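A, B, C and D label the chains in the order they appear, each numbered from 1.
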Amino acid sequence: MLHTLSVLALGLMLGIGHAHAAAGDDILDIVAPFEISGTDPSTAGDLFLKMGVAETLVGADEAGKPVAALASSWELSDDGTVWRFKLRPNVTFHDGSPLTAQAVVAALTAAKGKPGILNKAPIEGISPDGNDVVIRLSEPFAPLLAFLAQNTTAILAPAAYDDKGRVTQVIGTGPYRISLLQAPQKMTVERFDGYWGEKPSIRAASYLAVGRGETRALMAESGDADFVFNLDPASRTRLSRSPKVNVLSVSIPRSVLLKINAGDPLLKDTRARQALSLAVDREGIAAAILRYPAAANQLFPPSVASWHNANVQPLAYDSAKAKALLAELGWKPEADGILAKDGQRFTLTLTTYPDRPELPLVAAVLQEQLKEVGVAITINSTNSSEIPATHQDGTLQMGLVARNFALVPDPIGTMLQDYPPQGGDWGSMNWSNAEFDQAIKHLSKVSDAAQGQPLREKAVSILQAELPVIPIAWYQQTAAVSKKLENVRLDPFERDFGLASMRWAQ
Amino acid sequence: MTALLVADGVRVFARERIVEPASLSLHPGRPFTILGETGSGKSLLAQAIMGTLPKGLRAEGSVTIAGQRLSLAVGQGHRSLWGRVISVLPQEPWLALDPTMRAREQVAEGYGFVRGLSVADAARRAQVDLANLGLADASGKLPSQLSGGMAQRVAFAAARAGGARIVIADEPTKGLDVARRDDVIALLLREVAEGGGLLTITHDLALARRMGGDLAVMLDGVIIEQGPAEEVLGDPQHAYTRRLIEADPAHWPDGQPRKAAGAPMLVAEGVGKSRGGQRLFSGLNLAVHPGEIIGVTGPSGCGKSTFGDILLRLLPPDEGNVRRAGGQPAIKFQKLYQDPPSAFPHRITLRRAILDLVKLHGLDAARIEPLMARLRLAPALLDRLPAEVSGGELQRFALLRVLLLDPVFLFADEPTSRLDLITQQEMIELLVELARERTCAVLIVSHDAELIRKVSDREIRFTGKKDLDQVEPKAA
Amino acid sequence: MMTATMSSAITASEPKRLPVGRIVGFTVLALVVLFAFLTPLVWPVDPTKQSLRNVLAAPSWSEPLGYDHLGRSMLARLAAALRLSLGLAFLSVLTAAVPGALLGILAAWKGGIVDRALSVLGDVFLALPGLLLVLMLTAIAPDSPWALYVGISLVLWIEYFRLTRATTRTLITSPAVQASRLLGFGPAYIIRRHLWPEIAPMILTVAAFGAATAIMAIAALGFVSVGVRPPTPELGLMMTELLPYYEEAPHALLQPIIAVFLLVLSLNLIAGRKAQ
Amino acid sequence: MTRVLGYRLFQALLVALTVGVLTFIMIRALPGDMAYRIAAGRYGYDMVNTDAANAVRTELGLDQGGTTALGQWFSDLVRFDLGVSVVSGEAVIDEVRHQLGHTVELALAAVLLSLLIGPPLGILAGLRPGGVIDRGLLLVSSTLRALPHFVVGLLLIIVLATGMGVLPAAGHGEPQNLILPALTLALGLAAVSSRVARDAMAGVAGSPYYAFGRTKGLSDAQVLRRHGLRNVSVPIVTYLGVQFIYLIEGVVVVETLFAWPGIGHALVHAIFARDVPVIQGTALVMGLMFVLLNALVDLACYLIDPRRQAA
């Protein structure tokens, strides 16, 4: 009460002219849309990793290749089932306790017991061995390194867990330690002096979750935030003209795609899916909604070099051909232009979710474009969980989703989840292809990049031909960064804000 | 003896002139009363003199107060006199007292802010004033806790506290019953006896008579007669003044009481009623015979109206019972209300209201016209809303409405208390005449004992003592 | 007669601006309604039809209000959004007013247990943040205006209930009603001639305010992405969608804002200034 | 007074009862699978899948009957235990306390600001009905009332934050962060409270006791102080009670616009994520706050108005 009053009085009496300190001090203010949904890495690990609070056993470089992190090196047994990780020496947690093999095993075991990523690897056992951590697999599993770089596997100190395995406080090993955590919106961190690696230049930083894109843009514009993550297309255009900020962008392994129920009578025939794909004007969508060159002519963008296949026939826009294909399947337009066959009309429900604001817009454009070729779409914009839920109960017809292929730094992790023979919540549905399955299965066992290349090309070309999902657009991540800040790089895998390497301009 | 206040050619204008030039002088120790009906312009005249005319009205002429001459056209100079030299005893003191301030404080303000006394002194003086008025206990009370008479006295003390010797009393007896009215008159006269100036505005002939001093009679914005009160009232020169005096129930011709005849058609036996835990009356017996006129008097709050409502079965009695003899249907028992506008649906025309009634009971619409003529109601009035006709006219419409149903019993609850004298007389004459003609029994309630005495065949007098009641035949 | 004119001249110490305000209010509302409902007849363009070439184009003769960020006709969208807001507001107010008023009369008339039960029900709704109700309902049926409609009606009815109950309670014991009863009139007559003429103007006032509240609420919910979803044109949603382009295309963002402004202002003017 | 407070207590009980039952029924009626919704809330759209949903289902025992869960909630409530958020795993009471604190801070600042803006202007206008101030105020308040909160908020941000750069656009933590959201709410509140004050003042200034005060010899300032302010403040304070509803609704929009971590914002999120305990707890606390505030208004009226003390 008194506080409020005095603030008000101050503000009013000084004619609110008192310049705000938020962005003026040496605290780096970061704003992003992600809410802090708890203290457990399984729910909020991404933010602890992004803010440099927690670290994983394995890291990833900008191409997604595994690099040393808390594990300084590793080796794989010849049969490909036993991984031995050598821990980096002289690493301490923020509470001063040392990083031991026991601590790592405990953290990984806890992570494996919770929804996340480790429970999807064929792990038989995790055990300490001296200063090493040994992970035994039931079968060779090449993406394990990428899995161990994923944020839900972040390593916290034993003191972080209570007796039931729940995380009560965040004690990591990263260059920054948490000084204040106000879930779900605010977190402040300060430099951790006992950090094993290079000492960061930025002393302290704050993180604020701001859900509204417009508000984030306004904060960048007004100088309230030094680093604003995830800009909406319109604000990006506006901010790029602002004298105070630089707008950075990086192509990321995330694609907008139409998840299709290939078991649906209307969509069973590959030609029907191809027709839908041909009816989509991707360039138009990219220009109007995403406002950067993002038309996806295949599933992966060129930046994901290992999975981008330059040799496949690009997906194109040709509504005449789309109509021809549909006519070939026996569909005839009715008076209102909507196709029908045997008294059944070509109508589909498109499920999407507004968590990513561009999705409903893209859905609206798709609705228009598909109407051109005689396909009527009903848009159901709902909770993101409806996609996996309706996948499971089989009622989904089409879903418009933004899929992150870098859940782990190697897209194979996502591919394994999304495109298994029985279908995946965020990938194929009632579609399978023996050649494709073979290729993917093989890939999960091959750890050599060059060796996997033909397999990847094979898999991508099958997806391109059969279209269990129809790629629409590729994403770019964008951020507005204050000109006072130097050495800012955007991580295409969205693992890290890069706080530790930033510095104030002199 | 110099005049305390002289008004010279005071006129009031709205768009046109609504108060014609009026002049008067107010002397110490001699009350001055302006008598007139509602709308005669008497209050406007007083407001012009006081300098409190509402927005939209302006005055001309001049007023000299305590030797200071003010031009009303200029409209300045009053403010410094208010409270110190001249003050107003407002009408309806309940409304004129701040509802959220205790009585003593409202009086002490005059001492504190106008005379500049300290808070303690002001409070002490206020307490003394209130005690002198018999209100020592009321000083800590809020206006809502005061009776009308007490509020009037508090307002009087508050008006006087600033030291003003000239008091303008605007309808000081409005809404007070007879006993309280006498108290106020005594209070005002005491002030005059001490050498103060008093200008009273009233429509109440009895008040004017009791005040004595000088009297001016106003009609349609004109002072038609002015002079010492005894002279004006004793030998009125103007036809209107004569008419006004004749309309006083005291001057009505004595009626011819009739003996009750026939079997009683309405019988109350041992009726009793309480309200808010207080016994109003009990054990009342009454037999109403066809065509008789029964007067009811008594102080306010004694249960007169409640008794009438019980007879009409609008309220259930707590004890005893009411019987209707002769199998008369319910609609033959009707009521006339005290405040005519509140007894009609507000938003429909009188024609609509009456035609609704005709339609409901399948009455003969042809009866309306002659009856309206009898009641001296112009046909054009039918197309007005209740609020657009005068109180007297509306009460006659109410009479018309019930007479269409050929009632055998009519409960007239203070039917003329909101009407001016002349209108009152017309109304009562018509009521009595028509009731007699149709052998309709009437139970008429009034606070005016004179009126009751003149019109009724017999009288019930509520004494006001809670469980004592008295039913006595009228002394022939 | 002089009496009547004189005293009304005196009591009207403040100028009677209310009728003028109402006339202006009704005129503006009528114009907005005409715009909303005539536009599709005169200008039959699909409000969801996109032409990506025309994104954010300024007004021109061929498209009087310009295009939005997806190249949709602003004119068609604005008219459709107004129809939605007006329709929802009208329906909510109607469904709140009719049962609210009837229950109010019932409670006052019957008194006793009926009155107490209904009043307690009213208190429950009063004590519950209305927003919660609307939010929950919109969560049940995320895509449809139906939830907004039910939610807003449930919040609004209480006002009518309390008002009619209070008015009826006073009127029912008034001499006028007593007189009508004595004269043999039944409840239907009393409602028609006594209650309705008194209650109707109040209901108009509350309804106008209620409609304004509803329109604001729908827009506000659209702004927090609850309620109707894209591509349905809705005023709040249009503002949210066009907000990022406030520099590029201020004309587009201003249109829904002006539409809400005119609607709410006209309704407030109709309601008059007393019944806040 | 005891009666009034007793009534408020009764209202509070009603709130607890209805919030419990109503939210429960509604949540059960929500479309979609609860386990999936909660999983989406917990793990985000990138990580929600059937495994996560199944884990949630087992962990939270979502298969148990509805009545059992409702009974559990009520028996916990009696012990002031609102349960644990199914999304974050934090105790609901802690989450609500944390968010409520921010909302109360914001709301309080808004009410105080609005009281500084609205009633004084309204009283000035009411002293001269039809005058320049009155007409000007009518224009401004009509305009403000016809503009949605977020439009006002945005205008303020664009002018004061991005334009002039004197205030932060959004965020919280610094004292200055409070000013813009509070001002946004306050302008909306003042637009109405100024009219209430104006009408009350015009009524009081036209009343016989106000006129009597003047003819008693008091100066304009004395009459205003002695007979004006107290009588005007009763309707203004009473109206505050009504404004709290408006405030609660404004808070949801203003909090999302200004990234203010309050209870309205949290409620919207909890509904999206089907965090039943948080929804129940938040709704309960909001309802009880509303009742409490109204009780405070009753108390304030009681202190201001001696009529209530006498009654």
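Keep in mind that, in the parts below, a residue touches a chain if its C-beta (ideal position, glycine included) is under 8 Å from a C-beta of that chain, and two chains touch if they have at least 3 such contacts.
Going by UniProt, the chains are A = ABC transporter substrate-binding protein; B = ATP-binding cassette domain-containing protein; D = ABC transporter permease subunit.
Please read these numbers as outputs of a predicted model, since none were measured by experiment.
J.: Report the chain whose CA-based centre is farthest from the CA-based centre of subunit D.
T.: Ranked by distance of C-alpha centres from subunit D, the top chain is B.
J.: Applying the document's contact definition, name the chain pair with more C-beta pairs in contact, B-C or A-D.
T.: More C-beta contacts join the chains of A-D.
J.: Mind checking the centre-to-centre distance between subunit B and subunit C? Centres are C-alpha means, answer in whole Å.
T.: Taking the mean C-alpha position of each chain, the two centres sit 46 Å apart.
J.: If you average the Cα atoms of subunit A and of subunit D to get two centres, how far apart are those centres in Å?
T.: 37
J.: Distance between subunit C and subunit D based on Cα centroids, please, to the nearest Å.
T.: Centre separation, subunit C to subunit D: 22 Å.
J.: As a quick test, compute the distance in whole Å between the mean CA positions of subunit A and subunit C.
T.: For subunit A versus subunit C, the centre distance works out to 44 Å.
J.: What are the residues of subunit B that contact at least two other chains?
T.: none
J.: Got the subunit C residues that touch at least 2 other chains?
T.: Within subunit C, residues 13, 142, 243 contact more than one other chain.
J.: For subunit D, jot down the residues that touch at least 2 other chains.
T.: As it turns out, subunit D has residues touching two or more other chains at 31, 154, 158, 256, 272.
J.: Show me, using the given definition of touch, all chain pairs that touch one another.
T.: All touching pairs, sorted by chain label, are A-C, A-D, B-C, B-D, C-D.
J.: In the complex, go through subunit C and note every residue touching subunit D.
T.: That would be residues 13-15, 17, 120, 123-124, 126-133, 135-137, 139-142, 212, 216-217, 219-220, 223-224, 226, 236, 239, 243, 246, 257, 260-265, 268-269, 273-274, 276 of subunit C.
J.: Quick one: in the complex, what on subunit A touches subunit D?
T.: My answer: residues 1, 3-5, 7-8, 10-11, 16-22, 29, 31, 34-35, 37-40, 42-43, 46, 114-116, 119-120, 152, 166, 182-186, 206, 208-212, 214-215, 218-219, 221-225, 353, 355-356, 382-386, 388-389, 391-392, 402, 404, 407, 417, 424-426.
J.: Could you pull out which subunit D residues touch subunit C in their complex?
T.: Interface residues on the subunit D side: 11-12, 14-15, 18-19, 22-23, 26-27, 29-31, 129-130, 138, 142-143, 145-151, 154, 158, 192, 195-196, 199, 202, 206, 239, 245, 248-249, 252-253, 256, 264, 267-268, 271-272, 279, 283, 286-287, 290-291.
J.: Which positions of subunit B touch subunit D when the two form their complex?
T.: Result: residues 50, 52, 82-84, 87-88, 90, 92, 95-102, 109-110, 113-114, 141-142, 144-145, 155, 158-159, 161-162, 164 of subunit B touch subunit D.
J.: In the complex of these two chains, what residues of subunit D are touching subunit A?
T.: 31-33, 36-37, 39-53, 55-56, 87-90, 95, 98, 105, 108-109, 112-113, 154, 157-158, 160-162, 165-179, 182, 256-259, 261, 266, 269, 272
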